[in-house]
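Take a look at this one; I'll ask things after.
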Amino acid sequence: MTIPSKPMLKAESLHKTFKVGSRFRAGGIQHLHALSDVSLEVYPGEIVGLVGESGCGKSTLGRCLLRLYDVDDGRITFKDRDITGLSQRELRPLRADMQMVFQDPYSSLNPRRRVGDLIAEPLRVHGKHSASDVQARLRELMELVNLSPDFLTRFPHEFSGGQRQRIGIARAIALSPSLIVADEPVSALDVSVQAQIVNLFMDLQEKLGLTYVFIAHDLSVVRQIATRTAVMYLGGIVELGETDRVLHRPAHPYTAALISAVPEPDPQGNIKARTILRGEPPSPTNPPSGCRFHTRCPVAEARCSAEVPLLRALGDNRSVACHFPLDGSAAAHA
Amino acid sequence: MLLPILRRLAEMLFVMFGISVVVFGIFFATPGADPAARIAGRNATPEVLAQVRHSFGFDEPLPVQYVKVMEKLFISRDLTSFVNRGEKVIPAVVESTPVTLSLVFGAAVIWVVFAIIMGMIAAATRGGIPDRLLMFLGLVGISMPVFWVGSVANLITQSRFHHTFLFSWVPGLGYTPLTQNPGMWFKQLVIPWITLAILYIGLYGRVLRANLVEAYQEDFIRTARAKGLSERRIMVRHALRTSLITFVSMFGLDFGALVGGGALLTEVVFNLPGVGRLTYVALQSLDLPFIMATVMYSSFFVVVANAVVDIAYAWLDPRVRDAR
Amino acid sequence: MSDATTDATLPKTAAAETPEGPWRVALRKLFRDRTAVGAIIVLVLIVLACCAAPLYAKYVSQSDPFQSNLDGSITLDGNSVDIMQADTAGLGLGVTPIGPTWHGQYFFGADNQGRDVAARMLYGGQNSLLISFFATVVTLVLAAIIGTIAGFIGGLTDTVLARLLDVLWAFPVYLLAISLSIVFISKGIQIGPFTIPSNSLILPIMIIGIVYVPYVARPIRGQVMSLTRSDFVLAARCLGVPSFRILVRDILPNVTTTLIVFAPLMMALNMLTESALSFLSIGVQPPNASWGTIILDGEDLLYTQPMVAIAPGLAIIITVLALNFLGDGVRDAFDPRAKLRVKKD
Amino acid sequence: MPADLMTANPDGTLLDVRDLCVSFRSERGIIRILENVSFTVREREILSIVGESGSGKSMTSLAVMRLITDPNAIITGSITYKGRDLLKLSPKEMRALRGREIAMIFQDPMTAMTPVYTIGWQIEEQLRAHQNLSRRAARARAVELLGEMGVPAPAKAAGRFPHQLSGGLRQRAMIAMALSCNPSLLIADEPTTALDVTVQAQILELLLRLRTDFGSSVMLITHDMGVVATVSDRVMVMYSGIIAERGPKPDVLGGPTHPYTLGLLHSIPPMHGEKPHRLPSIPGSPPAPMGRPAGCPFQPRCEFRMDACASRPPLFRNGMQEASCWLAEKGMPDWAHERAIRAAGEAA
Amino acid sequence: MTLRRWLHSSALALIAASGLAAATAVTAQAADHMGGTLNLTGASAAGTIDPQINYTSQFWSVLFITNDGLVAFKHVSGESSNDVVPDLATAIPAPQDGGKTYVFTIRKGVKFSNGKDVTPDDVVATFQRIFKVSNPNAGSWYNVIVGADACLKTPATCTLAGGVVADDAANTVTFHLTQPDSEFFYKLATPFGDIVPADTAAKDLGTSPAPATGPYMITSYDPQKNMILKRNPYYKEWSKDAQPAGYVDTINYTFGPKPEDEVTAIENGQQDWMFDSPPSDRLPEMASKFPNSIHINPLFAIYYAPMNVNIAPFNNKDARLAVNYALNRKSAVNIYGGPRLAVPNCQVLPPGFPGYKAYCPYTKNPGSKWSAPDMVKAKALMKASGQIGQPVTVIADDQNVDPALGTYLVSVLNELGFKATLKVISANIQFTYIQNTKNNVQISISQWYQDYPAASDFINVLLSCGSFHPGSDASINISGFCDKGIDAEINKNLITAVTDQKAANAEWGKIDAELVDQAPWATMFTPKQLDFVSARLKNFTFSDQFHMIYSQVWVQ
């Protein structure tokens, strides 16, 4: 795949902190560093996969990219327009062009509204369609996501998880956006349904020329769908590059461990040699110094706990934030 | 650790300040509330009226009067009644407190014991006849006006059946201090205790049952069963223990409100000279110093109860303790 | 392996002819609940009986329940009986109203003005029901407005409103209600050209309505807050839906459910509060009646003619019980998780 | 090695479930959740029960533990554990068995542990429920168990409340509790679903160690074929309340004889090798118990659907594998062949 | 806290008390009845016990046996209880200077309860104190004393120089008045005139008693709980008439129970006497079970409905007359407790009061006695007034029978064609509320109990122009009635009374009738006092002035 020179979406050193706890309770307010110094470029037509374990900040990043959350610091540019400081009102016209698909197909659909009403909502508020157009567009959308148009009068609770996710997708593409951030869209689904939805995402990308930021914790799904993959750990991107490179020749020890940990339905049933990480990700309210991974890293050295590794290019369209990358390219930097 | 406590205190003070301003405002918005004429007497000449108004400071601007009342209430602590002139407010409230405490404490013991029994039986037989019967009785308890229950109780125990063996032991209405005559104290309070407790037995029994039923749907009950624990242990140590979090916080708030004078109607009906009755009498006679004192007292208990409940909550529920 | 991903099967209620909205589903559930239906029937009967008060007064009790009748007499089993019966034995002190006759006239006896208690109870029921109903409306509307504004806008608005609610919350209900009643009953309310006289039912309605606002506004605020943070509101934001439209289309319908669940319970509570205030003679003003004022009248006659106090008390209990049962049913039908906590005496 | 253990103890049947049926009486009639489920668990083996949501796998585990408390439940069949039919035991006898002989761990250790007690207390409670131990001894044993489960600083961890521990440590504590009385059978109901991959790997490692360190058999309930592949000896695939297929893990995963197993395996995007342009997927969604089709329940979603599917297929055995599919009636199905037949049919 | 408690003062009847009042039977065996505890009870306390401030009949009864003035009402039952006798003074002084100067000689050897002797200085200080503590009647009763004007203006520096003069050597106190006052001795005989030690603080004493001279002293007082009286160790009987020794050792006055419960407590022997009126529905039961425990005595008081003559609809005289004709006083009497407990009345003065001349035009057969309402005439007047359909609000307080009377009045007004409603206000504010013209009260329920037996205490106080203060809470002329002609007659008659009480009384009767014709009120009835005592309480002694005399009853 050739990568166009101009990114559609550009995020530059984003920072985001949440306040947790209560003023009135022991411990007081704590700051949860959800994103620290995250930069990412998304080019038209590509699918960027964001992977990482829970709490690594991948969903926060997705929401910040769409300005559903305000960032504390950094800059977001969408189609050459700086959208960092825009108010929600100013963002409204832009919403037609950037959309989101949510993880939980149960909670992201208002249970009190009919499916048709839910999908038509963006069409109505953006006022680009007449009433009859809306009906026509609704049928068109239902067909795009492989649902029967008869379902439009029904309520979300009547549908299975996969069907609801299709409804969520139909709503997201209703205004023909060019960018969709999909926040773990398949992780709440059964395996057999998950494949359908992954296929649907890929079909739609082909048909509509969409660009995705695809958030997932399942490496195999990301491998299937993403052209580029960013691996996140504790609020930062540790490795970024073309999916095949990243997953087959991981440069960051964390990426390697993550891949190794994935249980595969290996027909032979052999137990592969695994790198099993010790412990669990530290709390984002109190992240480790230096390289945030150094507490669990099998190859960590003294330097790792003192110095924050910056995301740097490795040459093969790949960047890694590690003082001692795995595939030997580290030597070039030493 | 100090900062949250200070914040909490500041919040409590703010609430009490708000209430005192509201009460003060309500009082002075009432026509005929100007106590000068009442203090002066029924046939006072305008000069005497003016004298009284001046000597009591009623001719000063309202904020000044407010500050003076609060100063007398909290700093010099010699605020006196407008109606029973010379009667110091603080000792009167202090003296009524044991009455209210006696009433509320006894009622609380009854309602907690019976509500727990009722909730546990109902939850254990959920869907069955004992459950339905208890829940119905609980609802009846909630649906009865407490003053009416009190009146009917008086009718039965003081008049209609007073001369039968059932109620001949019931003494006249009123209050005898525990220190003076414990037997009398008990006898005079039993009927009010039950009257006050009826509502709360219903309320708490139903809430506890709902919580227990909810708890029984929790995963940890399944775990407890999987551990091979007995049903009784599961009920008491797991379901009840977790349900008590809500129960105790509810109890704290209600207890606080009742000690603060919320048992007003019960005290009026049974002629118990407690804080609620004091408040009611003060409100009726528009005795501002007493109103201020009793309302401050009562909001103090409510606010303190809120704080205590928060602490108890944290004590009962370690998840809250850790401020997430 | 097939690639066809069209998902044409609907699980569960696939056979349903027309899809039912959540409202219809809830109503259907409500009407399947036998206890709730029983409660509704009882309430309807009570309302009808109270509406029929003028007919009862005219044709059954044949008396004006608002006119004192201190010198009248009625014919019982052929004998003329004084309504206010003077003491004939002893010192000839005092006058006692007639007790229950268990006839059409003076069924529950007379009060100390010689008025027919049964007829007054029907009229009083009108007021009790009106007050508790409209006070509920006042509470729910105010609470919905305050709770929604605080929860949806957040920030400083929320802080101010939440503090205000805290203050009211810490103010024992009865103290606040009594304070307000004493002020307004002696004064009435004058706002610009509008005067609400002190004997107007609007006063107890407003007072009772206002004192319970914090109890409903707090949970509403919490609910709106969590709705505002819910995925579907976030989704709507993301779709570029304006805030007001989100409020109207996504948040209010959910809040409405909560309000519906609260309504019967609040009405039950308001009926008890109304009776308490009337019992303290700061609710409905005589000669107008409510069940509470009739209990108060009966309190004076408690030891001689207890029925005057007992009958309206029973009426309150039955109505409140029915409302509570209805409340349970409505909660089960509309939102099994809704919880309302209120302090009571 | 698992295979060795299996052959070393060919008849060491620990648990034998026969024709287990679970259904619930409801307003809309009887809902059948499990239909004629039969399986065995042998000593020291790991049996994985795999299936999607609603397949009845969790209900199977609850039925074995007799933890279905709903009064509307109807349970028939037999569950024989070490020769005793669990369904015929008195509640008291069953209670003595639970936790001591058969222990269970659950998907979400956060909600599965009582939030108001420390994990040490909860382990102690189980120890003291089944063994005559002093408080102190129970505590010591609890700490020891936590240590064995790889919990760092076990004494300190024992004093922690469930919410104070990370997901992985909670699950370790849960397992420690389950193993505290050295049960012969551990039922693990989706033990890793709530965990991150790196932590999941740790827990799976721990489960594998159990049979060597504790000699326990494990009945592992999961929806993840990867997990199945990693830890199990034998696999049972469930679909909509019935057994779709079962057999030794390499056989089932390597050569599925039920179209559902086949579809399930293919639906998972591969981590290695060629990426398919499109993921092979099973159309539709699993049916709800009330909407279960007549005959073979998989039939509406099955690409190999045929007339015979209108009646419910029994389990057909092929080698070590058994599948409830008419295609398996005459031996190992040849999927490519079958697919070709259907493609030809459509073209014609 | 009841209004009645407040207003309810005393009677100084010139006629004999009803035969029900037992004659005092002081016998030789009196000594056998000494001792014991007398248990009194009341629904609430009556405020401060400062004798210069308290203005309630409830505590005036207490002060009657604890305190003494220069003169006192006789402590006996019956007619002579209205006589003024010398108390701390050795004799009633003869008027000098045309009634403007009185010289009192102070009795020697009388001691306060703190052991100090009563001196002329104490008397002077007491009268200064009346002004310094803003005595309610400082401006209306004691303004006749020379120097009172200055004291009213600046109470703090009050000396009454030239008004009250002590002479230690002669042991006398001389009063100089600005004008003769026929009611001056009465004013001295009320507790306002009780002598307190000169060093008593010039502020409201509140709940702490001032040292006093009577046979009992208040040893503790808690308005929420009780008041305890014990014997005064320094008391020695100096005049059986003025302040006799008491029988019981201790008096325990409990506050709190409702009247219902007070009745029960007395029936059960837990209490001996209740201050409040028993609820009327309990009366038949009490009368049949305990006929000997009931004592009924007349009161000089009226229950009336003042009508505001300055605002609609009662600025129309026909409307006022219509109300008077329509009011069924028998019904009102029944509400109060029946004919044995109240007498219908149409006029300002109560029956038997000085100046009373029976007059009732508002009845079926107009004359001296009310017989039945005249609805026909009332309706005709109503029609003539043109006020049919006018809205009227009746203001009643929330104590005792007042709400019932209000309800009944509303019923009457509605029958006449008004659109009447009732407003019940807390008794504590109703009395001031109905006085203030700002509240636009049209008609209300009120009562008046005399302070001392002089017609002016009704006529001048309640219906003179001088008692009407628009916009003030203290405007006892509730009707706002001010007729210049009648006012002149009142003022003239006040002068006459100093010299010729009899002529004055005749004139008061005429003024009464004139006022009745103007109908500023609808008078309802004159109530009677019903005392319900325990079976053990004997020697019931009822002073028309201060009711049951606690020192004269015995319980053993």
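Chains: A, B, C, D and E, in written order; residue numbering restarts at 1 for each.
Assume a contact is a pair of C-beta atoms (placed from the backbone, for glycine too) under 8 Å apart; a residue touches a chain by one contact, two chains touch by 3 or more.
Chain identities (UniProt): A = ABC transporter ATP-binding protein; B, C = ABC transporter permease; E = ABC transporter substrate-binding protein.
Bear in mind that the values here come from a model prediction, so they are computed numbers and not experimental data.
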item: Third chains touching both chain B (ABC transporter permease) and chain A; value: C, D
item: Shortest path length from chain C (ABC transporter permease) to chain E (each step joins two touching chains); value: 1
item: Centroid-based (C-alpha) most distant chain relative to chain E; value: D
item: Chain closest to the assembly centre - both centres taken as Cα means; value: B
item: Computed distance of Cα centres, chain E from chain A, in Å; value: 89
item: Distance between chain centroids, defined by C-alpha means - chain D, chain E (Å); value: 93
item: Chain centre separation (chain A, chain D; CA means) in Å; value: 31
item: Chain C (ABC transporter permease)-chain D separation of Cα centroids, rounded to whole Å; value: 54
item: Where chain C (ABC transporter permease) touches two or more other chains, by residue; value: 3, 5-8, 11-12, 14, 182, 186, 302-303
item: Residues within chain B (ABC transporter permease) bordering two or more other chains; value: 11, 30-32, 284, 286, 322
item: Of all residues in chain A, the ones touching two or more other chains; value: 160, 162-163, 196, 199
item: For the chain A and chain D complex, residues of the former touching the latter; value: 53-54, 160-163, 190-196, 198-199, 202-203, 217, 219-221, 223-224, 247, 257-269, 271, 274, 276-277, 279-281
item: Sites on chain E touched by chain B (ABC transporter permease) in the complex; value: 1, 6-7, 44-50, 53, 55, 134-140, 143, 152-153, 155, 204-208, 222-225, 256-258, 261, 264-265, 268, 270, 398, 425-433, 435-436, 438-439, 461, 467, 469, 472-474, 476
item: In the complex, chain E residues that touch chain C (ABC transporter permease); value: 260, 279-288, 291, 294, 328, 330-331, 334-335, 337-341, 393, 398, 403-404, 406-408, 410-412, 414-415, 421-426, 429, 433, 530
item: Contact set on chain B (ABC transporter permease) toward chain E in their complex; value: 30-34, 36-38, 40-49, 51-52, 55, 80-81, 83-88, 92, 95-96, 158, 172-174, 271, 273, 278, 281, 284-287
item: Interfacial residue positions of chain D with respect to chain A in the complex; value: 52-53, 152, 166-169, 196-202, 204-205, 223-230, 249-250, 253-255, 263-272, 275-276, 278-283, 285-286, 301
